[in-house]
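Before I ask anything, let me first share the structure, which is written out below as structure tokens.
The first chain written gets the first letter, and so on, giving A, B, C, D and E; residue counts start at 1 in each chain.
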């Protein structure tokens, strides 16, 4: 079954020997959702990157398991979707090429064309699919990241500042995606916005020393 | 007096021989405010960059004048503040160094230390002023841009996606800035968010072909 | 345009035939014999091709530069089309001039390449064109491509006078008119040409120039159409 | 199987990115021409010795590769796409993919330089073809291997500049020295056996460099 | 007055950024050391002629410049700080500031190469110090001037690393040729007057290049 579980134990991450956060422990079962909140500089982005395995923790562990069996980091890549303003796709490729090439790197083969079409229509980029991403506006790039993150139907979806750059219609698309993901697997949202945090049932609040207050 | 006036006539900007927008004309007197709205990819950022003189229009003119006397582009730099997610400051300098160095490049001398202190406290970065901007979180960077944009008390303030990356406290700071600027000079806001657009009295809506719909 | 086309074809055909068919004679009689130029002999015929082509190359480059400059003033993308069309033709002519010159040099001066100042300058011109096209293809948006390549063409053009005026005076060369040329024979007009050779020579010059103009208009029209088509597809 | 397919997909991605509308090729070709022209230019009157030609040959390769090969990671970092790659591919896949791409690029590059040298320098006559071929192969691969890990390190390091010379210079010098010596042998027409010493050095260099990089890459790649 | 202060502030900013990251310096040092070492190695047995030494001197300078001098605009573009600079400074200030910085960097670079050459090559003896000093000054400034505008152009392009030498070499040839000739004169110990012709060329090159760039820069800098 889908029952993926994320178990975080006593997590800590330092930058320049100062902890950004420490002593973070929680467990999250699918279906389920978690909001990461805190002031600017509290460490939300750092935490979500550690959870995604993009950067390592200083101490502590992040473990994913399904029915008690741990999921290897290499297998996790097939289960994970990630969207954030600082995640960039390739400017020199068209939107569709980006999806195709990156899927091949992830899994060795391309997704079905219907899947690509469905996702690109979902984020309203189908008509611009042959244009280079470098010529996209900020909101169009953000939309494409959603298409990319959802292409392989991830069981774990992580969103950092999910609605930034998006217009009202884009936000509605994201809300639909969020609603679906919450039912289907794990959703983690790092946000500054209380209404976005309210999408989620659980919450980790990073109070720490609150970045800019230090 | 402060009576700066922005006059835009039949503005058009192309990318790859396709117009992003065309036939834009309006006038805006201080004190006054203008919202630029439209879907993702409609050309809001392009328009605001043209208004700021950072990129040239393909045809049409952007003219600033005070009491009927045109303001040269070189003089305009001293009157203009600009904040947006795609405007970057120097990662290798500390927050305070950035403000000092950039002010010197703009006007030949540094602002008074009290001015710097006031602005940095306003955006709540005073305690982090000696840290390199490269280590800042996205919200902290955005805050620093406000300090930078306001340092020389600009008569024209342009904000593209003003609250992106900011937490609730940061948004409150921005709202105070906006309220003050509207009384004092010209405020131009490009945004996807209806509530931000509502800050302004006038509005330019870019419907065009709507970027991602083309 | 029709006149240009017809005239250039007539002139070049005339030059091709006359330049190759007219026999050489030690003491030329009348219009239908060329004098023998000592040291050049039969190889002198290449002057009808090599030199006009080299001139047209320079012309094409100047035209390209001029339209680049115009683009910077008007920002009308049509000027960029003209500029790049002329540059493309110039590049082809430049290769032709180098090849004809190089072959000539092999049989006249003994090796394909000698770093004579003129050879150096045409080599530089080749490099400039190569760089120009490499730059263009490395720029993503049409406007940036037009702008930056225009600036580059002008900057590169600024160095060309050094090759034409300064370099030949400083470095001994093999071309006529170079420093240390015993006969001191200057530009091509005094280049030991009989009057009938001059007729062929100038026919060739005009012919190649018209040929260039004809091709240029063709290319510009083609480029316009291409972009028109591209516009409609998007 | 799937790992191979994924690695290959990465190579394809990089190759397509490089070849996109053929501008990378244009620039690289022009670069090689430019560097050879510069040398030609500096040595105009002299008839260069084989030692000098061999030296210059590898200097040109070294310079071109420095500007070309190091891009492979630096560009991911600059474009901010490294995060996407980290999320979708394992470090091993990334390393091997990038290495393969760099190997291909270097082989093409050295081939182009060789052809150009043969045309342009009358003194550059490959008398021992076998020595030259092996040197070309091992030298290019060794260079690619060293350049790949160095590129990865400089791309990740915060103080990119500081590490660059410190790392690449000592790492590449033994390779360059050996490869020059063996090219001189090839130009001098020595017999194949004479160059065995150099080949051994090149081969072990390649092995050590690639093996070490493979094991260490993960630490370089992940923050 | 204020314009001078502003321009100087830009130079200070770049210098401080350079001191902080040492990107250009390190790249320059590496290129210089590597190329001199390679030349040294390649010529071990030969006693190089003054012509060759003069040629190689400027080739080393040219190649080193590509990694250092082009950074000045490329780094603004890569860090995304070009927009901030566009908003606060006029194109003239930006151009002159960057030019001054590059001039300083090039003078340092050529100085370093000179010292290294004097130490390393016994055949490199500057007999006419006055010719050499003027050549050094005018040559460095001319190089910096050409490098600055080319750097501004390539900052907007995709394949910057390889494009810099490709674009700058043809533009620099008149400078390189002249500077090589006048260096040969300096090594040969000719009298100062003999090199007047070269100095004129160098001086007019510097004027033409700087003037042209100054006028055209705005088009490069502003989209």
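Quick note on the criterion: a residue touches a chain if its C-beta (ideal position, glycine included) is under 8 Å from a C-beta of that chain, and two chains touch if they have at least 3 such contacts.
This one's a predicted model, so the numbers in the text were calculated from it and none came from an experiment.
Visitor: Give me the chains shared as neighbours by subunit C and subunit D.
Guide: In this structure, the chains that contact subunit D and also subunit C are A, E.
Visitor: Would you identify the chain whose Cα-based centre sits farthest away from the centre of subunit C?
Guide: Greatest centre separation from subunit C goes to chain A.
Visitor: Return the distance between the CA-based centres of subunit A and subunit D, expressed in whole Å.
Guide: 37
Visitor: Where the centres are mean C-alpha positions, what is the separation of subunit B from subunit D, in Å?
Guide: Comparing mean C-alpha positions, subunit D is 46 Å from subunit B.
Visitor: Cα centroid separation between subunit A and subunit B, in whole Å?
Guide: For subunit A versus subunit B, the centre distance works out to 30 Å.
Visitor: Roughly how many whole angstrom separate the Cα centroids of subunit A and subunit E?
Guide: Chain centroid spacing, subunit A to subunit E, equals 46 Å.
Visitor: Could you pull out the residues of subunit A that touch at least 2 other chains?
Guide: Answer for subunit A, listing residues that touch two or more other chains: 86, 92, 135.
Visitor: Got the subunit E residues that touch at least 2 other chains?
Guide: Counting only residues that touch two or more other chains, subunit E contributes 21, 158-159, 163, 166, 169, 173, 177, 223.
Visitor: Check each residue of subunit C and list the ones that touch at least two other chains.
Guide: 127, 130-131, 134, 138, 140-141, 143
Visitor: What pairs of chains are touching here?
Guide: Those chain pairs satisfying the definition are A-B, A-C, A-D, B-C, B-E, C-D, C-E, D-E.
Visitor: Which part of subunit C faces subunit A closely enough to touch in the complex?
Guide: 140-141
Visitor: Could you please specify the touching residues of subunit D with respect to subunit C in the complex?
Guide: Contact set of subunit D toward subunit C: 21-23, 26-27, 30, 33-34, 37, 44.
Visitor: Spell out the part of subunit B that touches subunit C in their complex, as residue ranges.
Guide: 14-18, 56, 58, 214
Visitor: List the residues on subunit E that touch subunit D in their complex, please.
Guide: These residues of subunit E touch subunit D: 21-27, 29-31, 33-35, 37-39, 41-46, 49, 51-52, 55-56, 58-59, 62-63, 66-67, 78, 158-159, 161-163, 165-166, 169, 173, 176-177, 180.
Visitor: What residues on subunit E touch subunit C, complex-wise?
Guide: Touch list, subunit E to subunit C: 146, 149-150, 153-154, 156-159, 163, 166-167, 169-171, 173-174, 177-178, 181, 197-198, 201, 205, 208-209, 212-213, 216, 219-220, 223.
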